[in-house]
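All chains are identified by letter, namely A, B and C, in their written order; residue positions are counted from 1 within each chain.
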Amino acid sequence: MTISIILWFLAILLAPFFAAVILKVKAFFGGKKGPPILIHYYTIIKLFQKGSVYSTSTTLIFKLGPVISLCAAAMALMFLPLAGYRPVLSFHGDVIFIIYLLGLGRFFTIAAAMDTASPFEGMGAAREAYYSIICEATLFMILILFFMLTGDLSLAAYLSGSLPLGLWQTAGSPLLFVIIALFIVLLAENARVPVDDPATHLELTMIHEVMVLDHSGPDFGFVELGSFCKLFFYSAVVSRLIAPFNPDHPALNGCQFIAALLVVYAVVGVTESVMARYKMDKVPKFILTSFALAFFAIIVTLEFLK
Amino acid sequence: MVEIVFLIPFLTGIVAFVLPGKGRTLLVLTGAVHLILSLMLWTGWPEPVFPAYFAVTPEGLLSLIVISLLFFLISIYTTAYLKKSNLRSENIFTGSMLLFLSTMTMVTLSDHIMVMWIAIEATTLASAPLIFTHRTATSLEATWKYVLICSVGIALALLGSVLITLAMDVGNVHVPVSFSALTNSARQLDPLWLKAGFVFILVGYGTKMGLAPMHTWLPDAHSEAPSPASALLSGVLLNCAYLGIFKTHKIMIAAGLESFSGRILMVFGLISMLAAATFILKQTEYKRLLAYSSIENMGIIAFGTGVGGLGAYGAILCLIHHSLIKSSLFLTSGNILLAFGSRLIEDTGGLVRRMPRTFIAFFCGFIGIAGLPPFGIFIGELLIVMGAFSNGHYVGAGIFIVSLCVIFAGFTNHALKISFEGYRTAVRMEEIASMVWPQYTLLLTSLFLCFWVPDILSRTITQAVTVIGGVF
Amino acid sequence: MTHLVDTVLSIVLLSILLSFGSSRLPVLIRVIGFQGIVVSIVPLLIGHNLSASGIAFNLVTLLIRGIVIPLSIYLAIKKVAIRREVEPIFGQHASMLAWLGLIAAAAFIGDRFNLPAISNHVLLMPTAIALLAGGMFVLMGHRNAIAMVLGYIMMENGIYLVGTTFSTSVHHIVEFGILLDVLAGVMIMAVILQNIKQQFDGVDTSLLRTLKE
């Protein structure tokens, strides 16, 4: 139990570090040196030292938004079995709870955005809501597949324990499509290229940044940390599916886990570097492809199970 | 060897492609040789070199003799036709005609399911250049529709053929994949796969045969092609497609599934007749009129085959006589086109005064195709109706008779307009003898066969339909 | 080997998705070429026809279906089409949903027809049905004549898959004849395409609508 709590704290602490890996990979592709690897820590510390500015047209919801999004992401991490150890919390059906938890965080972010009564933030909120609907369809398809394969509804059962799912098991080849679908959902939910550009400066083209445009100081720090945690969550799930091994030695286990995570983050960085951001009307088609892949994986698995 | 019957036209076709200018003589010569060889096949003389693939069956023999006779007479017509209308690339036209003859012969002689498929697809490919002869925009459209729709349909027929071989595997039957062998061991074939295969084969070869609703390419293709080619397409090609369906139907009957296949055949036949009736009533071009009449006749034949017994005998009679009469009508329409210069019915008229010899051919052809005595289609249709009533298909027979009446009314309307109603002038137009007496020969043959069927012919027809429930 | 065959077939099913959603002709041609290659190799991978003549026949089929036919269409495009973009009649979302329905239906029908010969390769029948129906969808869902021909080729690939993997009683000569027929058909279609381009200044078949009634 204590190990799980320590790992949880470590995860929250390391999330900004991994996010900076993406920046380094992008800089490498651009022939630049890039920001220092601890840039996000500096940013968060800087933000916490500032004061917040609240607009007079906002209410309590505006103050709640960042806090709840951070708490939701952090709590989702509690259910994640890190490096194969038991997670802090786990019960039957917790996967659905996690999906709705993340949805809660998203809801409050959107509510905070709309609370500012700014048209830009409303626009970003509308887009964010639209894309996450399709992502949820994919996530539930993947959930159905996992349920069919293991008969269990808890994240711990999928990613740790005696029979973890993984690419290299016997029914593994359909999982390749699941991994790709999950990766596409990762890109969509965490506002990565090709769905959304995290480095764009134009309000008209933002989706995620425009929603949090009016937050400042510690609030913005919470928002940033929350987004790092959410990215860590998705990446951990994908990396666990790629490398479900459980070596006995704890150091080896930890190294393998971190290595797999680094691979996933690096792939995100590569994707951001080689792809351009899609036109707005192509994004639903992109996410629908992930839904089609998940559905296809279900059908192929059904065929194999017969 | 039997295969020589289709190898000779194939070789002469290639020669006609390469040597321009010799095409017309090659056509007539090959037609004559082909006719002689087909008559020799009646006596059972040559043996097939590849008995697994080719065999001489009664229905194949009937179609073959019809093809031969038609091609010989059409080739005589074509020599005069080519002289009158200057085609740009005549060698492609004559070469394609000969290749067309060769592939159609292969269809009638093939016994293997896949070889028949290859031959039918080859007929599509060999006849595509024929439709495109005039190189206008509409003929290009007709060619495209023809090639695409027929290829897709025939692909479905290929799937059906494969499913029938699957029926063999599932039923653990190990015979050569030929129609005759399958008919003998039909009881052991798996019924589910057999039914699926039959449906696909019917849809596929039905597309080639002109059954509605897959008939949409037929009016365009038959009206855009030059008249000798139209005569071949309408008179002979549809028969070849019918052969495939007929042989598969025999397998179904031998397997005891005749109610399934017979019913489907009747439905498709009636739909074709109703579709043809709808479009004949308001037709504006005479070649399209003839094409829709072909669709109607194919519907009649399908219906008769589905009814079985007397109806099947009547269907074969309709098949033979339709080929003779329809090809003569198409040749006559070629005369009309050359004389009047237009495809529309309203631009023609007064045939009785302007071209009396052509008028005789046209009017007798019209009477024949409309089902009036003394031509053979009358007896065929009569037998089909009798068969339908005796087998209890009252509704089907009723729809059959009604559509026949509607088609008769529409066709008569147009035919009277072409023959009798006044034209701007009453000057006689020139008529070449060799463009008239082939039609006379065909019509006289049909008339002759109506009154006296030679013993050998009647025996062959009976052999062909014995299996389909009942003997005449 | 079992896993290899099934993996390759599932990639073929995904390639059908790519052909539905793509709007560029060269992509469609590459997909068709890939499917032709897979369809030619699958009989060898399953273990049918491992005699010398069988292998030779499969190689020739691979050459024709996977290389010659797509190459001839590609050459036809270079001569004929200025615009490489095709506008399908169905939108991209509708095409994707149609693909989903197609795969589900193919899997369902594939289960109905249970053949003992290939019971351990479960994806064969669904892939064949999906190729056939997918080819028809591409054929009917495009106005561009070249895309129609590509749909026809996809259909033929599907039928070939059914033929070679399911039944072993058809001789090679006959299958070769079928192949030659398909090749000749594609050639003639290519010739007609060129003529259409000359006549109508484009390969949009909505221009070919003058003959009615």
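Everything that follows uses one rule, which is that a residue touches a chain if its C-beta (ideal position, glycine included) is under 8 Å from a C-beta of that chain, and two chains touch if they have at least 3 such contacts.
Just so it is clear, the model here is predicted, and its values are computed rather than measured.
**Q** Minimal path length between chain A and chain B through chains that touch?
**A** The least step count works out to 2.
**Q** Does A-C or B-C have more contacting C-beta pairs?
**A** Greater number of contacting C-beta pairs: B-C.
**Q** I'd like to verify one number: the distance from the centre of chain A to the centre of chain B, where each centre is the average of its C-alpha atoms, in whole angstrom.
**A** Roughly 68 Å, centre to centre.
**Q** Could you state the distance in Å from the CA-based centre of chain A to that of chain C?
**A** 39
**Q** Need the CA-centroid distance for the pair chain B / chain C, whole Å please.
**A** Roughly 31 Å separates the two chain centres.
**Q** If we count contacts the way the header does, which residues on chain B are in touch with chain C in the complex?
**A** 53, 112, 114-115, 117-118, 121-122, 124-125, 128, 132, 135, 137-138, 140-145, 147-148, 151-152, 155, 158-159, 162-163, 165-166, 168-170, 174, 177, 192-193, 219-220, 224, 279, 282-284, 288
**Q** Residues of chain A touching chain C in their complex?
**A** 173-174, 177, 284-285, 288-289, 292-293, 295-296, 299-300, 302-304, 306
**Q** Considering only the defined contacts, which chain C positions touch chain B in the complex?
**A** 113, 115, 117, 132, 136, 139, 145, 148-149, 152, 155-156, 159, 162-163, 166-170, 174-175, 177-178, 181, 184-185, 188-189, 192, 195-196, 199-200, 205, 208-211, 213
**Q** Which residues of chain C touch chain A in the complex?
**A** Per the touch definition, chain C meets chain A at residues 3, 6-7, 10, 13-14, 17, 21, 92-93, 96, 99-100, 103-104, 107, 110-111, 122-123, 126.
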